[in-house]
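The next block holds one structure in the form of structure tokens; read it before the comments.
Letters A, B, C, D and E mark the chains in the order given here, with residues in each chain numbered from 1 onward.
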Amino acid sequence: MNNETLIPKIGVVTDIRVDTPDIKTFRVVGLDGKKVFEHIPGQCAMLSIPGVGEAMFSITSSPTLEEYMEFSIKKCGCLTSWLHAMDVGQQITIRGPYGNGFPVDTDFKGKDLLFVAGGVGLAPLHSVINYCRAKRENYGHIRIVYGSRSKDDLLDYQEILNEWMADPNIEVNLTIDREQEGWDGHVGFVPNFVKELNPDVGMTVVLCGPPVMIKFTLAGLKELGFKETQVYTTMELRMKCGVGKCGRCNIGNKYVCKDGPVFRFDQLDELPNEY
Amino acid sequence: MPEVNAYKPKIVAFCCNWCSYAGADLAGTNRLNYPADVKIIRVPCSCRVNPMFILRAFQRGADGVILCGCHPGDCHYTTGNYYARRRMTLLFSMLDYLGIEKERTRVEWVSAAEGAKFAATMNDFVSTVAALGENKRLEDLRCKE
Amino acid sequence: MQGMMIARAKELLQNGTVNRVLGWQTGEFVYDITPAVFETAEELDEKFVYNAFCGNNLSKYLVKETKKDGKILVFLKPCDTYSFNQLLTEHRFDREKVYAIGIPCDGKTSGEMVKSKGLSGITGIDEDGDNITVHTIYEDKTFNRDEILEERCRTCKSKKHVAYDELIGEDGEVLDSHRFDMVAKLEAMTPDERFAFWRSQLSKCIRCNACRNVCPACTCEKCVFDNPASGIAQKAAADSFEENMFHIIRAFHVAGRCTDCGECSRVCPQNIPLHLLNRKFIKDIDELYGDYQAGAEVGSRAPLVNYTAEDVEPSIVYHREGK
Amino acid sequence: MQKIGVFVCWCGSNIAATVDVQAVSDTLAKEPGVVYATNYQYMCSESGQNLIKDAIKQYGLTGVVICSCSPRMHEATFRKAVASVGLNPYMLEVANIREQCSWIHKDKALATEKAITLGRAAIAKVQLNAPLQAGESPVVKRALVIGGGIAGIQTALDIAEAGFEVDIVEKQPTIGGKMAQIDKTFPTLDCAACILTPKMVECSQNDKVHIYSYSEVTSVKGFVGNFTVSIKKKARYVAENKCTGCGECTTKCPMKNVPNEFNLGLDNRRAIYIPFAQAVPKVATIDPNYCNMLKNGKCGLCAKVCTAGAIDYKQQDQVIEERYGAIVVATGYNPIKLDKFEEFDYSLSKDVVTSLELERLMNAAGPTGGTLLRPSDGTHPHTIVFVQCVGSRDTSGCGKPYCSKICCMYTAKHAMLIREKYPDTEVYVFYIDVRTPGKNFDEFYRRAVEQYGVHYIKGMVGKVAPRADGKIMVQASDLLANEQLHIEADMVVLAAAIEPDKSARPLATMLTASMDTNDFFTEAHPKLRPVESPTAGIFLSGVCQGPKDIPETVSQASAAAAKVIGLLVTAKLTTNPCVAHCNELMCNGCSSCERVCPYGAITYVEKEFRMPDRTTQLRRVASVNPAVCQGCGACTVACPSGAMDLNGFSNSQIMAEVDAICQK
Amino acid sequence: MLKISLSKIQDLFAAIAADEALYIPADNAGQPQFMRWQEGLAMTDALNTVRSAKDFFFPQTENLVSFKIQGKSIEIVDPRTETEDFVVFGVRACDVRSFSILDRVFLVDPKDTYYENRRKHGTLVSMACSRPAETCFCHTFGIDAAEPEGDAVCWKTEDSLYIRANTEKGEKLLEKLRPMMEECGDEAVKAQQEKTHEILGKLPLNNFTTEKFDGDVLLKVFNSDKWKSLSEACLGCGTCTFVCPTCQCYDIRDFDTGHGVQRFRCWDSCMYSDFTLMASGNPRTSQLERFRQRFMHKLVYFPANNDGIYGCVGCGRCLSKCPISMNIVKVAKCLEGEL
């Protein structure tokens, strides 16, 4: 039965990539070697190791990848520690997709897109960026601003270098918080960097990162003339069921797992500040 | 598995490292037999044994739990077994109060020199628990296969 | 009494001795009293109440309240003062930030107790000395106070205040109550009867944690049952074992620290006589290690963090009479 | 998730004969986290250890489980082995499948199943092990020797010789102990005093040795390398630094009828006394039980005759606190009380004496000036009966179940000396067995029989009954001749069993050192660590550990000294990392843990915490001093919130073991 | 309408229980609760059970799925077996209404098949109230205590039990019972209803409404400073949540049984401090926020998402069970002054 939302499927970890000292990317396929399910960029999946726990993670691979899904996961709790300790071949359980995803085929269509990410905040944007790259003709200018504590903490750095930065159709701006040997790029915090870059106010912005970074970047964008209706973000709250029933991931009357995780800032403005 | 039908009680024995665990070793050195149903968990001192561990054992299918430590006054840590004695007295009394067979729990003081006492204690405890049969009153059905 | 308490509270607020007052406030139906913090004389006049339904033990709130700035006035019934001392013994609040007034108590009743007498649709309750008249939309009925007292008050252990900065009214005496009678009765049963008794009681448990959260001895920063790392965390009693586990461990954790204030039984929505678990430990402790009343004095050493070389052996459990 | 290697030891056939080691390693190989499992003949051998080391390197093991003998046996060996290849030694667990499995079970299937379960428990535990780092603690360069007999003296001298300060605490007014009371020593028959007193003098003259005579240990705190000991110096009412030991007072004191304990009550001393001529320190002591001045405030004669002005009736007990790195127990022994042995009539007849009393009766400094005379009438005894094993090897409950070891030899010595000095005296020895293992011992005993004509009779003495005429009727059975004997004796000498001094048990409690049921101190290992107590930093010297003769005592004393020196030369000790620790976020600051800590290792600090709602809160939380904590775990159970946990024996580890043992 | 003498009610129960499970409110160790009927089990005199009837459809704990783990592989097992048909008898009007609220959670896409399955197999027989208590305020939510919803509805008079079917399921049940009952008019019922309405009019909470929470009040209510004093005494226990017929928050947990992992769900309470706790933090750290969430959910969020329907049925359980007597009536009365 397909509507057994609480019963997961089996996922097999076929590849594990070490991205940063505390982030690994896991490639997951079903028992039949195929993708477990289709998704929209920005959607999430519940991953679990039975007996350890279950948690929601953004699917970081683009839906345009036909063979597998990927998850970039930061080690921060019990389950993620277990995930980080896995070897290739380990089976996990997976259910989803959950959430609304980014309006890639509606609101984003034909727009100039500015992606702003901090730290592991790139993970949920990764999917939409690669989706947009794959369907490049649907979108206008694409610009990525990404920052992290240090060079070693940049997620998917190799991919950024080899693919994104090599792609003439997109513009990539990287920054790290502090000077570091072997880094000749920009140094400074993301919010200031965005202001320095002074992007075109007509762009649609997708913003993701730590709360402080989001707060200051949004303020900066507003200073530049951006409106909240132009800026999207993706939220993360405690989620258990993924289907808007268990009652814990709400912000006001919206459930992050069902009505989100993608929100426009003008929508969030109508909701209580409890996230 | 041999003797599929014979009821074999599961016994968890918490033994303090300094006296009773050594006493159990001595029982082994002297080849003093006691049933294989007894499995020993080494703890530094009888005072390390939390009532939670004892309940946990019952939850997971133990039929009897015995705690062995140094004789009062001989604790390697001076006072550990005095605290263990009070804790276990009260815990066992509470289990009894709840109607759970008191014979499933026991405390014995066994010194490092008392290998024979260790074996005798275990033999006696196993037969006591075996006579009671399976632990039904403090079981967790989920843990039964 | 209520008038004197309000007057004194106002005085202490006004002269700056305290900044806030911890007391009880009225509700919808006379009996549904809520503990409350009052900051002004107006609030006190409007809502402060002290009547036969003010059963809540306020001492546990001091843990939270003394973390705030300023000094708080708290009203303590005799049995609350034991909890007060026990919390002090365990360094759970700052005594300097509390002004404690002892107030007398004739025993408390509750909406539940009144309803257990078959009354429903309660519209009002009048207290007149030892008589309590309950008005309902169906009938009026007058009770003698003793008839509708909560169990813990019928077997009150003490009318004596063991801690206070000042007293309003007379201090009482430690009483020779028969609070262990029910425990003794259970002890006298066969193990099968006891098992049946407790199983039927504990099977009612809905694991709402009211007993734990109201308990003045349960002030852990993080309860083992809420801590996934403890290995015994549980949110619902998924099996009868977990019901037993929760109540045994909770009783064990408060053993020797429980003052027998009876809040656990009062708040249990399923009326499980939880105090009988705690009292069993108290009775055992008294019998085996000598009389000990938790909270009777600040700094006393709880029986489970104490010992004598001559303590009885655990095997006494097997030999005790009548079982 | 750890990468665990499982190593199953055959222990030759010790394990492999009863446990199917192959099945154990095969089954455990399938446990979650196990990446390698094997079995081998002797895991503790060098090649066995290499096997482990290689596997750690090859498979990148993060945890090791060894199914072998007791961890008390080889845990340290294996820990060292894994550490040598860079694995934290505390990532290793030992499943005891020998002492607690193969040696006690006969059914191979059952034993195999149990071994697997024990292995599973160890695997479950090691999954949750965390690398632990041993801390360091300094060593106080001073040793304490409790007991000033030959054992204590020898230990102290050896330690001092190595250059370390050493204190002797002796409860009597003088050091010397039992050896000082002995006349001659076997098997050489040299004079005990002649070989002992030079050592006693050496003690007093060696500036590294400090003697606390007439003193007792009242409390011991701390741990190896860092003990703090309270010593009570009992008031002797004589200033030690002033008294010259001239003895004038001891001759002038009017209280003449005080039983002289040095001569076992066979004669009297004064209320002020020096136990014997060669006493060290040679200082008088007033016996407050008899001194009229102290009891009634009348007399004061001794103060008057003391030219040194050493008498001080106002002297008080004094408690001294001193820190030590090591403590040696040398509390020695006493003959048992013989009240329970009615058949020997010891308490009724003065001429029934113990062997130690006989020593005094034959000693030139003894009550009879060295002439053997009957205590009752001072006449020369012509027939002497020796009874062996009085209270030794006695399982009836009256005596001691063990062999007192020294009696056979000293009786041979006594018999020989008597026959040598008084050839007209007939000597009978009733024995169960004559035990003479020791260099020149059997030769010595044979000399007694063959050269000196001592009558050795294998048999039991049934009854000793004094007669009105002063003779003592000894009724005995000769087991070899199978006949009843009746001997008219003048004296009967009982070889009373020896038992540890009464002060040993309370001392053991203070030291947290373990004792056996006979109150002998337990050694850390009966064969391999015979002079150490299982409690680190406590060493054993002499009879407190078990019956011994003088040469054995002296060798053990020197051995203990060598161990102490080995400890004291260590700059820093690595401490046990299996200590308690407090999760401050969960700690309530309630003091329960502090109250049950026997070491005072827990203190409280007020600390600021950043709360989840971004406010800060000042909270009282427990803090464990890892150098002082010994890791008993009492605090972990006293703590209701579970904030206290124990490294190496954490709540989750023990519960994982419980789970593993109970399932299936 | 059918009628049966109260003296024959056990026969009626026996007839229902003949081929499906029957649960009736009865007394267990002094507490009214739904119990499986077996011969001789009598209905309680109490107005209502402590635990609501939601247990039958949304039990406190429920196994969702089991896992068998072997090395790196996992096997998934659906533990459900066919649910037996059952009847819950004697559900009060308020509690019956709670199911239309729970349905709005569990039966909207994606449907909760566990709940759905139980709803399919369960028949609700309601019981009109004739002696409401002071804590009752079901009329606030348009519920008529004298005319409950449900597959079938009963009225109990002095001597008889009247029953009428509301749904097909109810019809089916009544069909079975018809032979032992007698057809009758609704006069007696009407008379009782009239009396009940009269009593309801006298209840202290008769005039209590939540109307003011209609409309665009979300941020206004959320940001009210009354929450501080309202939540001050809250113990953070789950009593209100667990006795509430409409509270439906749950937790999903794993239990390692030693021979597999059982994933189960269990009731959770938004009042609990760890309800929203996650590895990276907690959006509701104070009891104020948690307390607010519960009442915001019932009075504002739920209506906002569900055509103005409040997440409360006025059963009054929280009024009588809260250890500190703080409840939705007090909260609503206090906050409405702000609106």
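One rule holds in what follows: a residue touches a chain if its C-beta (ideal position, glycine included) is under 8 Å from a C-beta of that chain, and two chains touch if they have at least 3 such contacts.
As the structure is a computational prediction, the values presented were derived from the model and not from experiment.
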Set of chains adjacent to chain A and to chain C: D, E
Result of counting contacting C-beta pairs for C-E and B-E, higher pair: C-E
Centroid-based (C-alpha) most distant chain relative to chain A: D
Chain whose averaged C-alpha position falls nearest the assembly-wide average: B
Greatest separation from chain E - chain, by CA centre: D
Centre-to-centre distance between chain D and chain C (centres being mean Cα positions), rounded to whole Å: 53
Cα-centroid distance, chain D relative to chain E, in whole angstrom: 72
Intercentroid distance (Cα basis), chain D paired with chain A, Å: 69
Two or more partner chains touched - positions in chain C: 224, 230-231, 238, 304-306
Contacts with 2+ other chains: residues of chain A: 78
For chain B, residues that touch 2 or more chains besides their own: 51-52, 56, 60-61, 73, 79, 83, 87, 142-143
Complex contacts: residues of chain A adjacent to chain D: 82, 85-86
Sites on chain E touched by chain C in the complex: 28-31, 33, 47, 50-51, 60-61, 131-135, 199, 202-205, 229, 232-233, 235-239, 241-243, 251, 253, 255, 264, 266-269, 272-274, 319-321, 323-327, 329-330
Touch list for chain D against partner chain C, complex: 585-592, 595-596, 604, 617, 620, 638, 640-643, 651-652, 655
Residue ranges of chain E in contact with chain A within the complex: 64-65, 67, 69, 72-74, 76, 78, 105-106, 110-114, 218-219, 222-223, 248-252, 254, 256, 261, 263, 265, 268, 270, 275-280, 282-284, 289, 293, 296-297, 300-302, 304-305
Contact set on chain A toward chain E in their complex: 1, 3-10, 48, 50-55, 76-80, 87, 89-93, 236-238, 240-241, 243, 245-250, 252-253, 270-272, 274-275
